[in-house]
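Next come two complexes built around chain A: one with chain B, the other with chain C.
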Partner chain A sequence: MTPLLAATGEAAINWHTVMFYVISLCACGFAVIVAMTNNIVRMAFALIVSLAATSGLLFLAGAYFVGAIQLMIYVGGTVVLLIFGVMLTAQKAFVTMQTKASDWILGLLVGGTLLAVLVQLVFLIPQWQSSDYQSNMDAELIAFAKELTSQQARGDEITEEQRRKLELMAAKASEGMPQRTGEIGLALLGVRADKIENEETGLAGYLLPFEIISVHLLVVLVGAAFLARAKRHHHGDDQR
Partner chain B sequence: MSFLSEPVGLSHFLAVGAFLFVTGVVCMATKRNALGILMGIELVLNGSIVNFVGFASPYFREENLGLDGHMIALFVIVLAAAEAAVALAIALNFYNNHATIDVDRADELKG
Partner chain C sequence: MGEFFAGWFPAGWEFLGYTVAALIQAFLLVNVIALGAFVFIWAERKVSGRIQDRLGPTRTGGAFGWLQSLADGIKLLSKEDLMPKDADPILFKIAPYVAFAASFAAFMALPFASGWVALHLNIGLFFLIAVLGLEVFGVILAGYSSGSKWSLFGAMRQAAQVVSYEVPLGICVIVPVMICGTMDLVAIGDQQRGLFTNWLIFHDPFVFIVFWVYFTCAVASVNRAPFDLAEAESELVAGFLTEYSGMRWSLFFMAEYGSMILVSALAAILFFGGWNGPIPIFSALMDWFPDYLGNCWWFSSIANIFGVICLLIKASLGVIGMMWVRWTFPRLRVDQVITMCLKYCVPISAVCLLGVMFWTALGVPFFNDLLPAQERALVREGWFKTGEKQAEALLQSLSSSTDKTGDVE
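The block that comes next holds the complex of A and B.
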């Protein structure tokens, strides 16, 4: 018996759930700050915290690679780009730009309606409401351990293969998902490692979207550099 | 404290995604600063990423999107980076030409 099996007996606090609530509160709270404050510098800071907390949510869902990419590209790249924009346009009049009250009322009305509809819809479908992954894994593990103990009681030796399977199941029940980094890399090259048994879909990877998005990124960066080249003539003096 | 001992479902995850989406929409609708609108777009894209990854997670459902959801989330992240670069270039150009980033004054094409 692993200590894990002993712990599943009583209803303990599920730390995954606790972390989910803490991180989602962080993400949502700082998103509200982004929407509510008028100071553009504070908005940028709150956006950083909100995006980082969102990457924590992705980790909790088992998407480790996507979470890491979110931290690196979104928090480390895109937001830094935005902050550069804030700094380059930071004149006193634009740092705190007031919104009209009628705009606020209209926006909050539309947003509140949309949120009410979406949340109702999300909680409408019974298959989405609970997660039975953990309990299934624990039940599977307990059943296999019981089978092994009965086998031991009959006097048979536990084979190396069964021992390894038990370790694998225990790891799966305590850790959740396998890492998918290698599969993602293969899928970008056009091979679906997770569907390789299925002959028709085994090669249905993402090579074409990957190429398209690569060329798109290149074109966009060249275009951005072209658009943003230094050329000022709002004071009337021609610097070139 | 019973809700702390139960595992969270896909619904909770999607609710967070919906909240981020709506916050982003409100941010886009109410900000007058062009960069504030960009930040609202980032929030909307983040909500979509949370949704995709939630649907892809085997933690929540037996038949999930799997790798497809992860791939789409990655593409969304790359598109967000590209979009931010171009929109920032346009905002800087606008600022250089008009000495303002108030989107209410970006009405040069008005008929």
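The block that comes next holds the complex of A and C.
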């Protein structure tokens, strides 16, 4: 993490940015190939490369856990499932698929809406606008520490509140980008490490909705397996 | 390492230093796979020869046939690169690279000694398991794009096998994570420091069982005999790589040997103490002469080099064990493979998971002196208190510095 962030400073050619452009070009290019290709297996291949490149972007952003989850769930799981589905269902007519004009319109509509939402989101949170989150954090911490020092030099006591603020800032600066697996796991159980300064929202967890959704998915899977299972013939029918 | 090379370049060109560091690490990792395949292909022939009461290679390069792998490589390079008429040309050509890249990418997060890892992830183990599952994609691509029904059969068999064996493998891998309280492979290895009784396999009887389940699942997930019905030569000729020849064929084999080394090294780190030898000579020396060797960089480097040797020996023993298994057991049928996975491996590993949980939760006496359970819990709680400690240290340094400046003034 440290060398990665250290390199994002004043370097004339920033390798972090270069890698970002390379990987995002890969992700976008293969996404376009998914839409342009007719052969369904090539589509699946392009999709898997695009998803893997997206996980590369997450790794570049320092979100290792989310990146590995992306690899495991989307690249590993879903695409294997997709390929199984393609292979077990693909008949002559479905192996090559033509993209119709209506599909293009619908796709552009959905994609454009998503892009608009995401662009708005990107510029919504001030921290995301700068690539040097860490150095800003460090600068803030140092400034506050200097303020406290001068306060101490003047002979004033450091209040409990200021002390707590310093602790929080030090914690934020030492953690860097939020990336701890333990914190994400605890967040699922109802403890939000990133919101611990706010007593009311600190304990807001998503365990119950998450559990309900996952059980729902399990029910759907069991139902699908039940409907799709091979119908068993009676013993008498076999002897016919 | 990145910072070290960045210092060589003028300001503004540090990225070249990071590139050099990345290239060196990639070169080293590629050579782990390449040299590993080189050695183990020769070893496989020797081991199989011994087991079948033959000698194996004896001529190429001296009495032991050391250079047999090199001769094989030259033969493969000079072979014609064939492609069937019905094959999908792009996917057929790209499939070996996908399989190899998936196997290679996993090495990125594999530590070879304490801190000697290309990419230190705090979720290294999870990343490794995620990447290991990607290898099946190259296999499916190869099987599908060959335009041959034997290849397709082989690919489907292997996909079914690998995907189903991921489940018990995942459960087995959770056990060391549960004991150590982290998914960081470096931390898991470092927690097993000390005498060999500290290795996790001696932690409690459940872990001992889990290791054998892990080994079985690992053999199945790298598609080695007795789980090699995907390339059963009597029925499917060679399974998903029936249509491949020359270098593309050997890339698949490099990927297979790469994954064998990977799962064996992972077993060594998770269960056999990783880079820690059976007797802690170096840490004992460090304890005896803390003044001379405590912060000595060359001494810790030597210790780490011995650690790498230790890990590679353990991993090689794992690979040779896999070879032994391959030439000893008969091949399983497809129903036996799935029975083995679902009826034996999954329940055994799940029961052991519960057993380890109760063992650690109830504080049953350990056979070793890993950190006691309460202490480890404190370390884990410490994650939230690091900020507090830092602030404390900062405040102390601030007050001391103001005191000093006050004295001077």
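Everything that follows uses one rule, which is that the second predicted complex is superposed on the first by the 140 of 240 C-alpha atoms of A that agree within 3 Å, B and C clash if a C-alpha of one lies under 4 Å from a C-alpha of the other, contacts with A are read in each partner's own complex, and residues count from 1 in each chain.
Rule of thumb we're sticking to: a contact is a pair of C-beta atoms (placed from the backbone, for glycine too) under 8 Å apart; a residue touches a chain by one contact, two chains touch by 3 or more.
Keep in mind the model is a prediction, meaning the values are calculated, not measured.
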Inset, instruction - Would you sort A:149 into first (chain B), second (chain C), both or neither based on which partner it touches? - result: second
Inset, instruction - Using the superposition on chain A described above, determine whether A:163 touches chain B (first), chain C (second), both, or neither. - result: second
Inset, instruction - Mind working out whether A:74 is in touch with chain B, chain C, both or neither, as first, second, both or neither? - result: first
Inset, instruction - Would you sort A:43 into first (chain B), second (chain C), both or neither based on which partner it touches? - result: first
Inset, instruction - Name the contact category of A:108: first (chain B only), second (chain C only), both, or neither. - result: first
Legend entry - Touched partner set for A:31, first chain B, second chain C, both or neither: first
Legend entry - Of chain B and chain C, the chain that contacts the larger number of chain A residues: B
Legend entry - Touched partner set for A:209, first chain B, second chain C, both or neither: first
Inset, instruction - Return first, second, both or neither, reflecting whether A:65 touches chain B, chain C, both chains, or no partner chain. - result: both
Legend entry - Contacts on chain A seen with chain B and repeated with chain C across the two complexes: 11-14, 18, 65, 69, 77, 79, 84, 180
Inset, instruction - Under the touch definition given earlier, write down the residues of chain C that touch chain A in their complex. - result: 2-3, 6, 11-15, 18-19, 88, 90-91, 94, 121-123, 126-127, 129-131, 133-134, 136-137, 140-141, 144-145, 152, 156, 159, 163, 183, 380, 383-384, 386-388, 390-391, 394-395, 398-399, 401-402, 406
Legend entry - Residues of chain B that touch chain A when the two form their complex: 1, 3-16, 18-27, 29-33, 35-36, 38-40, 42-43, 46, 49-50, 53-54, 56-61, 66-67, 69-71, 73-75, 77-86, 88-93, 95-102
Legend entry - Of chain A, residues touching chain B in the complex: 11-14, 16-18, 20-21, 24, 27-28, 31-32, 34-35, 40, 43-44, 47, 50-51, 54, 57-58, 61-63, 65-66, 69-70, 73-74, 77-79, 81-82, 84-86, 88-89, 94, 97-99, 103-104, 106-108, 110-112, 114-115, 118-119, 122-123, 125, 127-135, 176-177, 180, 183-184, 187-188, 192, 194, 206, 209, 213, 216-217, 220-221, 223-228, 231-234
Legend entry - chain A - residues contacting chain C, complex: 3, 6-7, 10-15, 18, 39, 41-42, 45, 48, 52, 64-65, 68-69, 71-72, 75-77, 79-80, 83-84, 87, 145, 148-149, 152-153, 158, 163, 166-168, 170-172, 174-175, 179-182, 193, 196
